[in-house]
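Next, two complexes with chain A in common: one pairs it with chain B, the other with chain C.
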Partner chain A sequence: MGSLFRSEEMALCQLFLQSEAAYACVSELGELGLVQFRDLNPDVNAFQRKFVNEVRRCDEMERKLRYLEKEIKKDGIPMLDTGESPEAPQPREMIDLEATFEKLENELREVNQNAEALKRNFLELTELKHILRKTQVFFDESVPTVYKSSGAYSSSKYRRYPQMADNQNEDEQAQLLGEEGVRASQPGQNLKLGFVAGVILRERLPAFERMLWRACRGNVFLRQAMIETPLEDPTNGDQVHKSVFIIFFQGDQLKTRVKKICEGFRATLYPCPEAPADRREMAMGVMTRIEDLNTVLGQTQDHRHRVLVAAAKNLKNWFVKVRKIKAIYHTLNLFNLDVTQKCLIAECWVPLLDIETIQLALRRGTERSGSSVPPILNRMQTFENPPTYNRTNKFTKAFQALIDAYGVASYREMNPAPYTIITFPFLFAVMFGDLGHGAIMALFGLWMIRKEKGLAAQKTDNEIWNIFFGGRYIIFLMGVFSMYTGLIYNDIFSKSLNIFGSHWHLSYNKSTVMENKFLQLSPKGDYEGAPYPFGMDPIWQVAGANKIIFHNAYKMKISIIFGVIHMIFGVVMSWHNHTYFRNRISLLYEFIPQLVFLLLLFFYMVLLMFIKWIKFAATNDKPYSEACAPSILITFIDMVLFNTPKPPPENCETYMFMGQHFIQVLFVLVAVGCIPVMLLAKPLLIMQARKQANVQPIAGATSDAEAGGVSNSGSHGGGGGHEEEEELSEIFIHQSIHTIEYVLGSVSHTASYLRLWALSLAHAQLAEVLWTMVLSIGLKQEGPVGGIVLTCVFAFWAILTVGILVLMEGLSAFLHTLRLHWVEFQSKFYKGQGYAFQPFSFDAIIENGAAAAEE
Partner chain B sequence: MGAAFFPVLFFTALWGGVGIAMPIMTPKGPHQNLIRCILMLTAACCWLFWLCCYMAQMNPLIGPKLKRDVVAMIGRSWNNPIVAG
Partner chain C sequence: MDKHVAFMVITVFWLLFAIIGFLVSYRYEERGLIRCCVILTAVCCYLAWMVTFVMQLNPLTGPRAKQKIILGMITYWPRSIIHDEKDP
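On to the complex of A and B.
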């Protein structure tokens, strides 16, 4: 039997590893990906395991690598991804890796701190430069403006609140005016005004100005100018807009107040000499220092870039190595430590066919570690259920995933996946059948297959795309089969191909055509006698009046035909399961009655369909003419209910063939007789076997062999009696549920396959609506405007065709096909109670690690 | 009986070739049984689908009902001219 038709044979093995060689051996097994280790220390918590320190060290290394990765991405440096997978390092190499990562992290942190400090200095000097430049203008204007503005403020205040004017204000004004009049020419006048200069965020300036005015009662004078270029915030690198300001005031009291307000608004104050010569000198010094700082900053950034570029070359490899080391130590933690013999003991599930491969890997690991004691791999006997392992390739993986989504097969159970490879796309195509839509789908699948290496390497995180790409072979097959069923339905975007010439011919003359709005062709005179050789005759596509009636009759029949055959195929699969597991009771008293039930009722209905197709024709005389053709459904219902059929039309016979009544009664009775066999035979036989086992121990052993796999607990004597009773009642209940499910399921599942007809009808009608209401409107236009209209209409039609008919209808047909496989087909034979084989595999671990890192 | 000899023979031979001859000729390898299963299932499904469509039209019980413009189209395009008179 091929590797996909049943799950692989699995063996539980015990592994003895020398302590020195254990790391290397587990590393080799991780590369291989064929061993599933069991946890031999389930009671030990994570922090008490032997290699917990090593795991912690790996976690720390991973954290440092993530920090490096973040810095690399921040600088936009491309990371080299060769796609190759380096081998897991030796344990002593771990120390080197730790030292390398430590050094890199420290170096990078130091560079970052230095860069931040330098940027802060740079910012301060830049701000000072702007202050020195802008304040030149302020001081040139300050002498005449101060008096004017100050006077204006006082006058304004005086006018607004005449009652509040006090002597002090009047005196001040008199003094100012008087002084101006008396000592206008004296240079010492300016020394009485103080000032502060600084930089503030532009958005804070209006509030700042209002606060100054209110707190100082209008006795200060504020001038500001914008710094045109944005400045960089050294903390987070953001660009901010700032303004230079200068505040003139009188007296120390105001000075203190002004400085507090500046501090509150987080303005930065800078010293600014009053004399122009001093300011010019300071500006030159600041420019020099700015240039020096720029040079140092540039060198610091260059150094950081070089460090990150060097790290980026190796970062992917380092991640892989660290993850492998961590995985190895995690696995070693599952083992038992034998202190006396200095070896580690492991238990693992392995595929039987691969034991030799695993032995070779272990030998390689031993040689690599330099140990002299070879590892020992012992096969153990076990009564546990092994994990289920189906060996797949890139083609079969998607189909296996469809089956596993429903349930993982029980160990060594028949795997539906090989048959699903064809039945799934085919049943999809029965619903989706359209040559044009199938071609679109097939081309899309083919494109993904042809480009699969490039597309797989991109590794996008778009979930929808990943699903499509994972199912590319399914999509391609669905498209190809849809093209075939589209040819049979003779349907390409709701139109027909007339390749062989219609086998229906017109015989009406012109006057008859002109007089009648509808004309029906007669099967007697207008039909050639043999059908269109491949697929549906194109006449039925243009027969607007009764096309659906004909298609419905045809598609309902093929739905039932394929459905019943699909179900019979499933029941036959259960025969394979019973023979493999040597379950003779199930083989005789479950499989046979199930098959008989299905054949005598539903397959008989299928035969009636074929008989009707062959025997009844419009060209025949009665009782086999079209008027006498009975309804299959009514015939079936009458058969099951033992009804007397209603009288047939004149000159017609009640039954389709001689002896039909007797056969139908016999079939129904036998089918109904199968139900108690399914229901009672197996539990009764098990009960009988147990009784015999209790009475005669030797005979009981024989009964066990014959029963095949039925475990016997009767040997425990009286104590087991109670347990037996419970088990028997459980067996009866289980068998009742199973039988009822099968019998009722046969009826409802047969009806369920009619969805093949329903989906097909809906798909065809939707395509026809798009033709009638969209594209044909464009085709009817004439002249140059018609060309433009047709272009727009075609674009609209194409979008709707792909969006609705291919994507939405395709998804709908896909889901219905999935249900037909999961429920209607697999319920006949599939238990699906296994658990998947999850080998220790570096590829899977690294893939999951990379996915987690992306999130 | 309304079946023509040639189409039945042709398509049965075609799908019989796919479902019987090609599995026999499948080269040995790890996937031989899988390929055989695929070929046989494909042949069985496609042949049965074709057969049902063919048999459904062998002995039609009703004829197509056509509109006047469809009749005119058939007369012009399908080499089936309408008789004058």
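On to the complex of A and C.
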């Protein structure tokens, strides 16, 4: 038998590793991906394990790498991804990596801080430039209304720019008075007008204006102008819109109040000389400094870019290395530390066939570390259930995933996946059968298979696409088998092919043809006597009046036939399981009655179908003519209920064949007799065996019956031990549940397979609706307008065909096929109580790490 | 005779398919898996064909068609004819 038919034989091994060699050995095992370590320190919490410091250091390195990655992506630098997987570094190389990452991170943070400071400075100078430009307009506008003393000006002192502060005495501030002010003021009184200038966020300006008006009771004068170009916020790089403002006020009290309001609204105040000449001089200075800052900023950005480009070349490799180191130390934390012998002790599950490979890997690790003591790998005896490991390749992986989604097989149980490779696409095709739709699906699957290297390398995070791509072999096989059943049903987009010539032909009188709206062909005269050689005769598609009735009869029967055979196959699989596990009780008293029950009732029904097809014909005389053909369903119901069949039509026989009544009664009685055998035989035999074991207590000896019973509930361990016995009442209860489930399940599962007919009918009718109501309308148009209409109609038809019939109907048929396999087929033999083998594998860890990083 | 020939041809085809697939599988490492797939394919496809063939072997009723379908069959299918004699 191939390795996929049953899970791999697994062994529990104990591993002794020298402390100095442990890291390298675990690294080699991680590359292999064939060892599942057990946690020997379940009671120790994460922070008390031996290598927790190393794990923390790896976490820190990973954080730094993620920071670098974020900065690299922000600058849009392409990262070099060679797809290689570098080996896990030596422990001493970890120190070098730490130093490298530390240096890179510090350098990058310093560059970022410098850039931010420079940008902030740049922003302030830019804002000042805008103020100096806009306030010129303010002062020019105020000339007709403001009287000022010649030669005098005022300025504000600010700590931010002490070198720019003017040394002019405040006493010489300008006197600004209007004509009315001059007239209204008392002689000799000296009035002063001050102002502040600054920049504020544009959205805060209305509230700012209202606050000034209310707080100062209308005694201030505000002018503002928008800065046209957005400015960059140095903290987060956002573009913000700001406005320049200038506020004129009178008196020191208002000045204090105005400044507080500006602070509250986070406005930035800047010094602004009043005299035009001074403003021009300041503007030129600001422009010079802006140009200098631009130069320095450019150089800073260039330096940052060079640092990131250099890091981008190695970042992927660094991630892989750090993740491998971290995985190794996590694994070493599962081990026991033997202080006296200076070695680490590990326990692990390994596939039996790969023990030599693992030994070689351990030897390589020892050589790499330079240790002289070889590692020791001992097999251990255990009564635990090993994990289930099914060796798959890229083709079988998807089918195995379908089975594992229902339940992972118990250890060494028969694996349904090899049979599912064909039965799954085939049962799908029985529902989906259409040559055209199958071709679309097959071509899509084939495209994914042909391009699988390129498509796999892209590694998108689109979940739907990943599901399709993962199932590309399933999709391809579903398409191919649908093409085959499309030929059998003779259905291509709801039309028929007439390859061999229909085997029905008619010859009617002219008046008969003209006078009748409907005519039915006679099997006696119009049928050739031999059926269409491959598939359905095209006449049934062309003559539409009773097509559905005919197809219903056909598809119901084909569904039941495949369903019963599928279930019998499942029961036979349970025979393989019982034989392998040496479970003689289950073999004799479960498998045989189950098979007999299914054969005598449901397989007999299938035989009745074939008998009816072969024996009864319209060309035959009574009692085997079409009028005498009985209904299979009614016959079956009468058989099970021991009913007396109702009288047949005239000259017809009650039964299909001689002795049918006796055979049916016998079959039903035997089938019913199997039920108490299934129900009681196994528990009674186990009970009897236990009584005998109690009477003669022999240490270590177990009878055949007892061994059969124990292995059913326990693991398939070696002899010498005693499993804890299941309570007798529970055994009876379990057996009752299983028996009832099987007997009732046989009936309901047979009915469940009728979904093959239901979905097939729905699919065919939907395709016919698309033909009748969409495409044929376009084909009926004439002339050049007809061409245009047909193009539009075809596009519409094509979209609906792919969207509804291939995608939605395909998904529906897929799910129903899945249920037929999970419930109807696997319930006959499959326990599915195992747990998956999850080896320590760098490939899986790095793949998960990369996926988590992208989220 | 025609039906027997068709039956024999298809049966021999799927038998040969299974046998040749069985023999070809010896060249590959996963011969168990290939053999399983080939035989299951042959059984499933043969069974689908065989059921379709047998259920059409002795039809109990004939197809029922509209008048224009009848006229179409008479026009396009060579063995469908119209005549002036009396219908049975």
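The criterion applied here is as follows: the second predicted complex is superposed on the first by the 741 of 855 C-alpha atoms of A that agree within 3 Å, B and C clash if a C-alpha of one lies under 4 Å from a C-alpha of the other, contacts with A are read in each partner's own complex, and residues count from 1 in each chain.
In this text, a residue touches a chain if its C-beta (ideal position, glycine included) is under 8 Å from a C-beta of that chain, and two chains touch if they have at least 3 such contacts.
What you see is a predicted model, and the numbers here were worked out from it, not measured in a lab.
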Using the superposition on chain A described above, determine whether A:Pro649 touches chain B (first), chain C (second), both, or neither. neither
Touched partner set for A:Gly264, first chain B, second chain C, both or neither: neither
Between chain B (first) and chain C (second), which, if any, makes contact with A:Gly787: first, second, both or neither? neither
Which partner chains sit in contact with A:Gly673 here, chain B, chain C, both or neither? Use first/second/both/neither. neither
Common interface positions of chain A, toward chain B and toward chain C: 1-2, 4-5, 393, 396, 418-419, 421-423, 426, 430, 484-485, 488, 501-502, 504-510, 513-514, 516-523, 526-527, 529-537, 539-540, 542-547, 550, 553-554, 557-558, 561-562, 565, 610, 613-614, 616-620, 626, 629
Can you check the complex and tell me which residues of chain C touch chain A? 1-3, 6, 9-10, 30-33, 36-37, 40-41, 44-45, 47-49, 51-67, 69-74, 77-88
Which positions of chain A touch chain C when the two form their complex? 1-2, 4-5, 393, 396, 418-419, 421-423, 426, 430, 484-485, 488, 501-502, 504-510, 512-514, 516-523, 525-537, 539-540, 542-547, 550, 553-554, 557-558, 561-562, 565, 610, 613-614, 616-620, 626, 629
Contact residues on chain B for chain A in the complex? 1-4, 6-7, 10-11, 30-34, 37-38, 41-42, 45-46, 48-50, 52-68, 70-75, 78-80, 82-85
Give every residue of chain A touching chain B within the complex, in rising order. 1-5, 393, 396, 418-419, 421-423, 426, 430, 484-485, 488-489, 498, 501-502, 504-511, 513-514, 516-523, 526-527, 529-537, 539-540, 542-547, 549-550, 553-554, 557-558, 561-562, 565, 610, 613-614, 616-620, 626, 629
